[in-house]
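Worksheet for the structure shown next.
Chains here go by letter, A, B, C and D, matching the order in which they are written, and residues are numbered from 1 within each.
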Amino acid sequence: MSSVPLTAYLMLALILFCIGLFGALTKRNAVIVLISIELMLNAVNINLVAFAKYSINPGLTGQIFSLFTITVAAAEAAVGLAILIALYRNRQTVNVDEMDTMKR
Amino acid sequence: MDLDTLLSFKWSVMAPEFIILGVATLLSVIDLFMKKEASRKPLAWLAGAGVLGALAAIFMQLDTEVTSILYDTYRLDSFSKAFKILLLLGTLLVLVLASNYKKEDIDENRGEFYYLLLSALLGAMMMASSADLITLFVGLELLSLASYIMAGLERRNKRSNESAFKYVVSGGIATAITLFGMSYVFGLTGETNLFLIAQNMQDPELLKHGFLLMFAFLITFAGLTFKIAAAPLHMWAPDVYEGAPVPVTAFLSVVSKTAGFVILLRFIIITFIAAPGIDSESLLLEVQPYVMILAATTMIIGNVTALRQRNIKRMFAYSSIAQAGYILVPFVSNSSLLFELIWFYLLAYLFMNIGAFTIIQVLTAQEKSNDISIFRGLFKRSPWLAVPMTFFLLSLAGIPITAGFVGKFGIFMGALGLEPAHYWLAAVMMATTLFSYVYYFNVIAVMFFRDGEGAKVSVPSGMAAVLAFCAVSTIILGVMPDLALDFFYGNFDINEFFMNIEAVDTHTHDH
Amino acid sequence: MLQMSWLIPLFPLLSFILLLLFRKSKSESTAWIGVLLTGISLVMSVGVFLAVWQGEGIKTEGTWFQIGERAITMGFEVNPLNALMLVIVSLVSFLVHLYSKGYMHGDERFPVFFAYLGLFSFAMLGLVVSPNLLQLYMFWELVGLGSFLLIGFYYFKPEAKAAAKKAFVMTRIGDVGLFIGMVLLFWQVGSFEYDEIFASVKNGDISSGMLTLTALCIFVGAVGKSGQLPLHTWLPDAMEGPTPVSALIHAATMVAAGVYLVAAMYPLFQASEAALTVVAVVGGLTAIFAASIGLMQKDIKRVLAYSTVSQLGYMMLALGASGYVAGIFHLTTHAFFKALLFLAAGSVIHAVHTQNIEEMGGLWKKLRITGPLFLIGALAISGVPLLSGFFSKDEILASTYADGKYGLFWLAVIAAFMTAFYMFRLFFLVFTGEARGNEKGVHESPSVMTFPMIVLGVLAVVAGYLNTTWFGTFLSDYLAQGPVELPHGDHHGPAWIPLVATLAAALGIGLAYLIYQKGTLSRDWITRSFPSLAEVIYNKWYIDEGYDQTVVKGTRGLSKLGVLFDRYVVDGLVTAVTNGVQGLSKIGSRLQNGQVQSYGTAAIFGIVILLLIVALTGGYFS
Amino acid sequence: MNAWLLSILIFSPLLGVLVLMFVPSNDEKSIKWLGVLGTLFPLGIALVVLSAFKMGGEGLQLTEKFSWISYEVFQSKGQVSYPIFYEVGVNGLSMVLILLTAVVSVLAAIASFSIKQNWKSYFILFFLLEMGMLGVFAAQNLFLFFIFFEITLIPMFFLIGRWGYLEKEKAAYSFLIYNGVGSAILLIVFVALFMKTGTMNFEQLAYTFSLPQAELNQLFITKGFKMGMLIALLVAFAVKLPVFPLHSWMVRVHVQAPPAIVMIHSGILLKIGAYGVIVFGAGMFPDQFKSLAFVIGLFGVINLLYGAFLALTQTDVKRVLAYSSVSHMGIVLIGLAAGNEFGMTGAVFQVVSHGLISALLFFLVGALYERSGSSELSAFGGVAKRMPILAGVFLAGGLASLGLPGMSGFISEFMAFLGLFEKMPVLAAVGTLGLILTAVYVLRAVLAITFGAEKELHEARDLTSSERVPAFVLLAAILFIGIYPAWLSDMLRPTLDAILLGLGG
């Protein structure tokens, strides 16, 4: 067994998640927002893999889960970027702040 | 996993999914090779045939025993059948809307529209049948990704773009939150199979981790509220609904929402039914107040904010938020009526909401506006639109002899059925329902009491059929709800939902 | 005969219905319907009276409707008291019908007038034959309706409208008292029947406090109807109605119903000394109070109206002073002479088309029939010996004295003096001296009007001999057959009482003569010597104004307050809720600012709050 | 035939809807006559039902019961089903109210001749409304009751909002939201009762709640639960009745709705509140009802006086009548609070009597409005001159309203107060003040219109022959009940006796 306790992984994941969240919620550049979301998903991956190894009930499926997560995240990023491009074509901006024509 | 194992599975249980998958693939291929100028309208027939085929397949499966394949990641039980019917029915109706949606932007992408719709449907159906976190997640994402694109289908429409982007970002965050929660659920139980998770939940070791479990539950639950557009992840809905093409809005508000409830039911009920809470009580009992808060908040936000809306699509977005809040109510007490109540409500909701969106689509297309004033004097102009619209609105408001009332009645039964009865929640629900009267009846008032000039509204035959079907169903289910309930009781045994067939074997096999 | 007595009230009802149907008829012969049908009632009433005189009686009842175990009954009863009333009522009614034929000549709603008269007669006769309190109460209210309709007969006159409304409301106040008393008695006795109530009273089933309370409540009803203090103000105003109506309703019959009620419920009153005292005091005060107002009125009908109030006070005083027979005796004689006076006044008004006595005068020569008849009436009411009023008034004074109510006795004597004074003031001003107003075309009324007056004139003279110490106490003996146990003992106090009464009458007449006929005394010497008192009396002691300032204004103020409350508090609360919801709605849509990132923030915020609640309530941090 | 009689009655107005569907919407005359015929048909059936109804018979008659909706629930004690039936039936009380509904509907349909536009949709909604009302009184379980109860709301909303006067929409919303509050509470209560007892049938519920507490504990029915349910029910019906301070919607509706609809509303719909309190309140929770009697009586007296005081200074005759309705509904509460046979009967009599009287008065106000274009008291005067019949009937209606003997209003007031005097004499004595005030405001309003100097009216035409029918029929009914109340009381007695048995006399 490694000397690195599970908690450390979990903390790392949590911090990563929070950083991603922070980025997703505050960055004005839409690309960075999308990347931040990837960061959050990766935090989950760390969780899954760490749990798969060190949990009270360790199990291999966690790692498989993380594989799927990675794939899906990639797809999501792709779709997100595609939509962003369409948006950029029409609006000439990737600034998230300016995407507020619909409100109230 | 060799070929033998692969062949040993009873693939026929997946027939509906295969049909949809096949048709979707076929559509994408045909679309690819079709001439750019050629009308994609006929493709709708193909897509429709696919959905009907899948429906037929499900009806043929009605008598099938509960089966599970692919190491119990996919199961065919009453629950999945019951809800797949809803998903398919909803998609079928949305397809008609989609094929009649008139905008230059859409025309070139219409083929895309159809197969995306089917892909989304496929994802939703997978969710209904999943018994594993991974498949559940993949299904969810399939639905989500397809929906993101559909929302932005009007490529040159800034609002459509914006709505798609907002949807992606919100969806991404929601996915991350959900997954984060799920990762803890997995971490505490070490399994991704729902039934195994449930088994491991009874592990005495877990008693120590009541808090963590509670956190995991709440985070996952909150993440999943994205799909159903409930608090706290509901705020995307108005913007996305407003910007997306009307059929997509209809899809999001009905099929996607149904899928959201499917995953909630699957995930929450199976995995947490035996989970220990902080005080070693049942977790589901302990989280009651929190679910209650979420349900109440959703109802209040949805209904209260809807009061100020002038944009009909936005109004329906808030209405749909509110409706999600209603459907969350039975989750609080989780009485044994849960499934049929939610199923019935979603069925009713399907008819009334798609019916309403049909009329909205027709009107917004003709008047080139989303403002509520497009309904002015509709009763004079086109009574055959105004009267069904009234039925839908009454049904949404939960007025008797409409399906919505029976649904709401059932929800009350769910809220008050078990001890302790949740009178406050029921009261909040009724109070917010009263607020909803104001905006629903406002539309009615505009239709009946205001005089509006404007031409008679022409309704394409397909839309008219959807309209008639929805209107008749809304009334019939309101007058004779037993038609649906008997069908449910006669064909679905909800005990199957909890029946773990293969998990036991695999479990022993693993160790 | 007696079995048929329930038909007596129905003839006028029939008249009412028939005349309503002929409402549009222009022919004045429709009046004969009313006259004929009330005539039948009169004949039957007399028959019934004669039968009762022989000592017969009847009471028949049937279930009206049933509530649970209890049956509410309706029926009719004939006893000495109400047989007498039947005669009085049907007689006066008949005569007034006849008189009206002439008086209402030319009115465009001629048949309607007779219809209303029929309705009233029906109600009044029905009231009289009622065998129980509930039925009495119902007819009691219907009588009020008849009075209301007839006062407001000239509906286009604002004064008539106001007077009708006032009459209804004021009597309604009294009625509520009667209602409460009746209901309270019901829960004490378990029945509305007179018999059973009296039996309970006799057996002492009712506590003395409750006896007094119920008696007083019922008396409130009588006060309202009979225009006793302090609910008298409607009666003078009621003179806005056609004069025959005043004669019938506001002199002879309806206003006497209060007296009748007390008489009918006499055993109850007898059981409560306090109640009797209240009755006597109220009656005595009313007698002198109304008489004082009568001194200065200028309207011929109003003088008579105050006189009526005063005389009704006498009757109440009699009843309160255990003078049961005296009260009823006076009721009877008063019915005749007061009806006579009113009809004569009507005849005068008919002739000169004014009611202001200052504009009359010297009519004696012109109205050769009316004048003497009026004089008879005036003499009778003044208590001049040998006329009916003398005997009945004497008996009242005697009973009061015998009952030991000396203060009230002297009050009554003074009131008698005043009565004589103002009656002869009236007589002299109207009939003697110089004509002060338009006298062109003044002529005697037609015979259809004079005939009833003559009949009443005769009765006003002879009715007194019903009950005298000289010829026999027929009335006492007759009434003794009834359910009321007459007080024993000699009621005919000291022999000086008739002398005092006569003296008071003579003084009054003499004074009036000196002032108004001879002019020996200046007409305004009292006014000059006591200007403020005169002012107060002239303004009817400011009672109306007082009510206006207190009760009416208070009620209206309360109502206005209620309107404000309704608008600002009740509706205000609703508005507050609506505004609250709308405010929430505003906040909700403000939050929806179009920034997808703020949506995410809100979501995270929500989740964090949830988790915090878990952590805090779960004690994770503690 | 008898087996289906009640259902035929309830749904008979639909025939009118069906027929009207095929009439061109601009054929004013046929639509109006069909409108009347369409209400005559239910009246005819109601009379058949009356003839089939055994007077003085105990319990329910002409019952029908079909399985309708069934929920199956798995609980620890095994499978429990929660069946909902279609159950209808009549007892004396509902028979009376059904008759009232049928009669007033016909008269209101005649009064609807003054409707100026959209006759077709008007009458369709009118029929739906009638169906709802008939259903409410015939329903024998909570679910059905609620459904019909709500069915009445929707047509009313349209009828007020479409065909009303100036502020019609506000009134319609007011109506909707207030009644929505009432029905929301009702729904919660009904479902709660259903889930606790597993039945929705009135009689079974009443039976269940009459079980000894020990048995009820097994159903988790505590005394507090009963009390809570009763209070909620009372509040819900207080909105409908309406009880101070929940009355402002009703005033608004009375002022803004078209006269024919106000006839129905004030004549029948308000009575649903009273019906509900009797059937659900006193019928199901007698003990709790008794312990709340004082509060109910207090609210009754408050209603009576508040309504009367406010009616005193209103300048619009419709508002006078609206507040008078508030006041008169107080008498219903007073009768109910008495909880004895007199009070109960008085309350029901008041329900019927006020139904007739207010229908009559609002009909006449509508007729006046049509002639003058106003309902302000100051716009009228001396109407008796040119329109003697209208004035006469109006006066008669006013007198009936103030409780003149010989008219129905007297019987009900008398009995309600008689009842209350047994239990709470002081409160009752305070309440009698209302009798005086009633006289004052009724006469003020009626005399202001009919008496006094004549004022110019737009059109001084006496009641036309088609207008005389409702006026005279209602007046005749008022007189009939006032003179021969036994007819009504005999019909009611078995039903009320059963309820009183629960209340303990």
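Simple rule for what comes next: a contact is a pair of C-beta atoms (placed from the backbone, for glycine too) under 8 Å apart; a residue touches a chain by one contact, two chains touch by 3 or more.
What you see is a predicted model, and the numbers here were worked out from it, not measured in a lab.
S.K.: Counting C-beta pairs in contact, which chain pair has more, A-B or B-D?
M.R.: Taking the two pairs in turn, the one with more contacts turns out to be A-B.
S.K.: When you average C-alpha coordinates per chain, which one falls nearest the overall C-alpha average? Tell me, please.
M.R.: Most central by this criterion: D.
S.K.: Per the centroid of Cα atoms for each chain, what is the distance between chain A and chain B, given in Å?
M.R.: Distance between chain centres: 25 Å.
S.K.: With centres defined as the mean C-alpha position, give me the chain B-chain D separation in Å.
M.R.: Centres of chain B and chain D (C-alpha means) sit 43 Å apart.
S.K.: Averaging only over C-alpha atoms, locate the centres of chain A and chain D and give their separation in whole Å.
M.R.: From the centre of chain A to the centre of chain D is 63 Å.
S.K.: Quick one: report the Å distance separating chain C from chain D, using the average Cα coordinate of each chain.
M.R.: 37
S.K.: Show the residues in chain B shared as contacts by 2 or more other chains, in ascending order.
M.R.: 165-166, 169, 173, 177, 238-239, 308
S.K.: What are the residues of chain A that contact at least two other chains?
M.R.: 21, 24-25, 33, 96, 99, 101-104
S.K.: Give me the residues of chain D that touch two or more other chains.
M.R.: Within chain D, no residue contacts more than one other chain.
S.K.: So, with touch as defined above, which chain pairs make the list?
M.R.: Taking the chains two at a time, the touching pairs are A-B, A-C, B-C, B-D, C-D.
S.K.: Can you name the residues of chain B that touch chain A in the complex?
M.R.: For chain B paired with chain A, touching residues are 133-134, 137-138, 141, 144-145, 148-149, 152, 155-159, 161-166, 168-169, 171-173, 175-177, 179-180, 182-184, 186-193, 200, 203, 205-206, 209, 238-239, 242-243, 308, 314.
S.K.: Could you list, by residue number, the parts of chain C that touch chain A in their complex?
M.R.: Residues in contact with chain A: 589-590, 592-597, 600-601, 604.
S.K.: If we count contacts the way the header does, which residues on chain D are in touch with chain C in the complex?
M.R.: Its residues touching chain C are 244-245, 247-248, 306, 309-310, 312-314, 340-342, 345, 382, 384-385, 388, 399, 404-406, 410, 414-415, 417-418, 421-422, 425, 428-429, 432-433, 435-437, 439-440, 443-444, 447, 450-454, 484-486, 489-490, 493, 497, 500.
S.K.: Quick one: which bits of chain A touch chain B in the complex? Just the residue numbers, please.
M.R.: So the residues of chain A touching chain B come out as 13, 17, 20-21, 24-25, 30, 33-34, 37, 40-41, 43-44, 47-48, 50-52, 55-59, 61-62, 64-65, 68-69, 72, 75-76, 79-80, 82-84, 86-87, 89-91, 96, 99, 101-104.
S.K.: Within their complex, state which residues of chain B touch chain D.
M.R.: The touching residues are 335-337, 340, 379, 394, 399-401, 405-406, 408-410, 412-413, 415-417, 419, 421, 423, 426-427, 430-431, 433-434, 437-438, 441, 445, 448-449, 480-482, 485-486, 489, 495.
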